[in-house]
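Some structures are shown below for you to check.
In what comes next, chain A is part of two complexes: it sits with chain B in the first one and with chain C in the second one.
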Partner chain A sequence: MEQGETTGVIRRAPGVRVSLVVALGLIVAALSLGALAIGPFALSPAETLVALFGGGEQQAQVVVQNIRLPRVAAALLVGAALAAAGASYQTLFRNPLVSPDILGVSAGAGLGAVIGIFLSLPVAFIQLFAFAGGLAAVVLVTVVASAVRNTDRILALVLTGVVIGALAGAATSLLKVLADPYDQLPAITFWLLGSLASVTTADILPALPAVLIGLVPLVLLRWRINVLSLGDDEARALGVEAGRVRFIVIAAATLITASVTALAGVVGWVGLVIPHIARMIVGPSFARLLPVSAIIGAGYLLVVDTLARTIGAVEIPLGILTAVIGAPFFIWLLASGRRGWA
Partner chain B sequence: MSLSHAMTVRLLLLLGCALVAQPAAARTVIDSAGRVVELPERIETVFAAGPPASILVYVVKPDVLTGWPRALRPEEVPYIAEPFRDLPETGRLTGRGGDANLERVLQIEPDLIIDFGSVRDTYIDLADRVQRQTGIPYLLIDGRFEATPDALRLVGEVLGVPERGEALARDVEELFARVDGILAATLESERPTVYLARGPDGLETGLKGSINTEIIERAGGRNVADPGDGRRGLVRASIEQVMVADPEIIVTWDSHFYQRARLDPLWAGIEAVRTDRLYLAPTVPFGWIDRPPSLNRLMGLRWMAGLLYPEAWGEDLREEARAFYQLYYHVDLADAELDRLLEWSKGRPPE
Partner chain C sequence: MKLEASGLEIGYGPFIVGRDIDLTVSPGDICCLLGPNGCGKTTLFRTMLGLIPSLGGRVMLGGQPLASLSRIEIARRISYVPQAHAPPFPYEALEIVMMGRTVRLGRFAQPGPADRAAAYEEMERLGIADLAGRDYTRLSGGQRQLVLIARALAQRAPLIVMDEPTASLDFGNQALVLGEIGKLAHAASRSGQGVVLSTHNPDHAFALGSEVVLMHDGGIYRRGTPQEVLTSESLSTVYGVPVGVERTPSGRHVCISAPLGDGARLAARGA
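Moving on to the complex of A and B:
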């Protein structure tokens, strides 16, 4: 990272370009309304609106209020959360190739959920296990990384994350081998590919406050997180204690990722690709990157999930669609040399 | 001339010796994949390559079975005949390698390995490789439900109990004929629509024509998961799709889902739940609907026929279960165990 460029970043006018955020927000709101009107249960846009506000046919109300609304809300929440966590991690690790699962959240959550399915537990417990598994993996990573006496804290964290992630992956594979091939194995496979097919309001309610609680410190500490992207020594010179801020960011981003992974299963690529798009629009300053990433992430996953439930006669797992869309985009990004980082 | 003649004689002699030195290859059998397999005259021990094969062998001649692919769970034990409850766990040999160790298979020294299921090229190749590697004959038997009578006759013949194989095959043919009789009298459009709810949230299902839903369709249920383009296999559905399809009957074996669906307002609006036609399939000692796809589904076919066409079928489920478990699973169920099965099929599985 070039010194001159980053100081230039810091000198840029503070604050979020409000008009941009409002415009993006309006686009996402319009997409949400559109998504509410699309689905196998045929409803016109007008009928959808009527049903949304409690009028019209009973069945239409159930479809719009109890099925599509939770699903749209979940897509927005999961997309925003993953993109926000991705933006935080990328800034924290000063690396644009980082995604929210760098510290093993997804691998841990996956293992937790697989244990839940393996034990034939009800859905709520599977989600709880996934959440706990995600948190446990990251706690383990930070504990091990701080025990490793390595001068480069970030390198220690990333490498430990890779190791713990691989270990959790191995445990998941072991359970897949042991699982009932006719019953549990398909459920495990589908869960690990991510889906919002069965989301209900009751599933979103616990995830929403967890995501909000995780977002609060990220918003409050946005300037310090920005300073952190300069490197530990520079941050110290500017009066920011890197270790503590880093700890808080990891805790917050992990909480966010674990709660939405428990809700949706493992959905990759969103947290990697969306911050890039946001950075191309508003530059690398975290104070702008965070809200813009979150809004674009929400809109993106909403579109992807709407495709997932409408383009085929059957549901297409989210993880497959996000990879199919994300991978070519990422290659284009690399090929065009637009890093959008500095 | 005389030199080559002498050589020919010696070659023939060698060949003769080689043939005589192979006393075990007493007969040849052609399996469902068209493979010609040499078998010893008497077969005392059989290694089942997977769960479907273990059931096939257990049904036809249980005392040759060397083990279960996985140990029986406590709730399954009372539904298996006493001498076979404690057979060791031997793992699966299906798929790439599976989890059974070839050395363990050799240690068990079975006279024969049987696999029951798909006869696609992958499995043919796997069978050939295992047979070459271990020297143990490996039979591949077609697991399609319609081919069940053939499978029973073939295995009965191979295991030296042709009468038992024939009797079971006749029983299956009779069952099929009775179901066909009902279906012949029922228009396609009058057949009930059915949704198979799998997984803890009930949103995993088998597309029409999948092995997972075969039994439902065989019994004359119209599977609502039909994309119409011939695709098959397990997929995820959305609750909205289930609502649009509005099946008259839902079948599951997941008791969590069964309980949840009856309380969940989303599922409560679906015809099957509203009219109390959500059914829970028993899974002991093997699943009635699927899990694994083997002879166990014959019980499921009887059950489904009774659920879909109660009047035309007109059988007492209790009597059917008693007779089926006796003929196929070699157990005379006590009243308590029969009660448990019937309660289960009414949605009250044992805890």
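Moving on to the complex of A and C:
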């Protein structure tokens, strides 16, 4: 290796490169402006900017500020949150095939929301039920997994997550059978596929602080999360309280996932696919992976949601589009034979 | 820093792997734990590192019961070299070495330039500085093992424990890694560090020339210098096949296992 390269290796900061974050941020900002301009009431980027800051036609202001802005903000928040949670779970469980619903959070949130819809509760209660259902599922999984006397803690958690998720899925199916087929069933189906069609500013306000609170421990523990990805024995021999760190990361990532699932419904694939793209760009080190995953996730879901509301005569559920885009990408990832799932 | 196990009983839950183990590692000691696969070497190490609880007896580290120490307190005193393996994510080799610096970082901190330089220095010491920027998952087994040794050195603990550092390596890599370990162990010993390592290969115990602790059926069978412990009689008992010890014209000792004609006995052991 040449001398210049060697010193480069030592000097390279373990944190994220600021220029990369700024560049990605600018791309997402440009995408956001585009998303605010696109729709049945089409605007030029300049008109959009003017309307956003309270100028121009009254109608343009209403469309941009009241209709499109909450939706764009929600897409950015949900995408960033799911990708950040996915990156955390993948590193924590030492498995690149893990998605944020590994411990049953989506299944639990789905069941909670379906109960809310089944009882014909107001939207705010449906969201509250979804949030509570997501948290309850993960609490149940961690309690059951720690009661199971298995020396492999991670395996016990993942298998319990599968079991509890399947149970919640069965309960959801039962409610779908019992639900009113003309009124409740379409609402349930739509919710389980994820959508931002009816999101308002009032829906975003409770989710935003929950996501930010969940991100705090992930940022603080960024280095220890790397060490934990070597496995429990090694992490502990390196001075990390593996069980405690894992508990905190699960709690934080679950809070993040449950909050945005309550807002948008079950949106799959984002938390699975985006961390892979981020890892290809900045490598696996969590201090870089977390912010880059969040930014790319935000931009990705914004694009998907904009497609969802513009390509067809009717709204297309987000879960359908993320699967249609995510599945071929994943097959390409497999076929390209990348070792280590970079 | 002294690591002392007395009357130790080791195992997993109800499964007892070994009992009545007394083992002390003092500053400057080099101790080579030798025994066949499955004799309890790894279980003993995991117990002495506090990774699994002991089933009986006690382990003292620096005069304090091991069980009363936190993970970071233990990691500041003992560094651990596991058997080389590939993690699921392609970290740079230097990042793996930097993980040894975790013991010197605040709870919420991450390594800075000083840690990066210190990690690089340990890689230079082992002659693997050129691997620093490489993807750890794509290194050879021998290279990975050296990276893990560099990581343990970066931990700067007074005791180093290595679990079969040569087990999964091919002939050339075994010689390479064993050579580095020999140099390292003697340097560490001179500077007052204690080194414990395990192997299932008696030739490696001869090559290191340090104190040998021979394990058999979960207990300590013999201990002493290689010449005292590694006899034809003791090795034949422990490994369950006839073993001869011969001296080469250059003065090295080599162990010769059962002659090829004696395959029936090997098959009976399920080897």
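Of note:
To be clear about the criterion, the second predicted complex is superposed on the first by the 325 of 342 C-alpha atoms of A that agree within 3 Å, B and C clash if a C-alpha of one lies under 4 Å from a C-alpha of the other, contacts with A are read in each partner's own complex, and residues count from 1 in each chain.
Keep in mind that, in the parts below, a contact is a pair of C-beta atoms (placed from the backbone, for glycine too) under 8 Å apart; a residue touches a chain by one contact, two chains touch by 3 or more.
Treat the numbers as computed from the prediction; the structure is a model and nothing was measured.
In the overlay built on the shared chain, the residue A:200 is in contact with chain B alone; chain C does not reach it. In the superposition on chain A, A:182 makes contact with chain B only, not with chain C. Within the superposed three-chain model, A:240 lies in touch with chain C and out of touch with chain B [touch as defined at top]. Of the two partner chains, chain B is the only one touched by A:122; chain C is not. Contacts of A:314 after superposition: chain B is touched, whereas chain C is not reached. By the touch criterion defined above, A:229 lies against chain C but remains apart from chain B after alignment on the C-alpha atoms of chain A. In the superposed pair of complexes, A:328 makes contact with neither chain B nor chain C. In the superposed model, C is the one of chain B and chain C that contacts more residues of chain A.
By the touch criterion defined above, A:45 lies against neither chain B nor chain C after alignment on the C-alpha atoms of chain A.
Applying the stated touch rule to the two superposed structures, the chain B and chain C interfaces on chain A have no residue in common.
Across the complex, chain B meets chain A through its residues 51, 92, 99, 198-204, 207, 225, 227-229, 234-241, 243-244, 253-254, 256, 260, 264-266, 269, 287, 290-293.
Put simply, chain A touches chain C in their complex at residues 1, 5-6, 8-15, 91, 94-96, 149, 151, 220-224, 226-227, 229-231, 233-234, 236-242, 279, 283-285, 287, 339-342.
Contact residues of chain A toward chain B in the complex are 39-41, 59, 62-63, 66-68, 71, 117, 120-123, 126, 177, 180-183, 186-187, 190, 195, 197-198, 200, 309, 312-315, 317.
Per the touch definition, chain C reaches chain A in the complex via residues 12-13, 46, 49-51, 70-72, 74-76, 78-80, 82, 86-92, 94-95, 98-100, 102-103, 105, 107-113, 116-117, 120, 129-130, 132-133, 135, 137-138, 151, 155.
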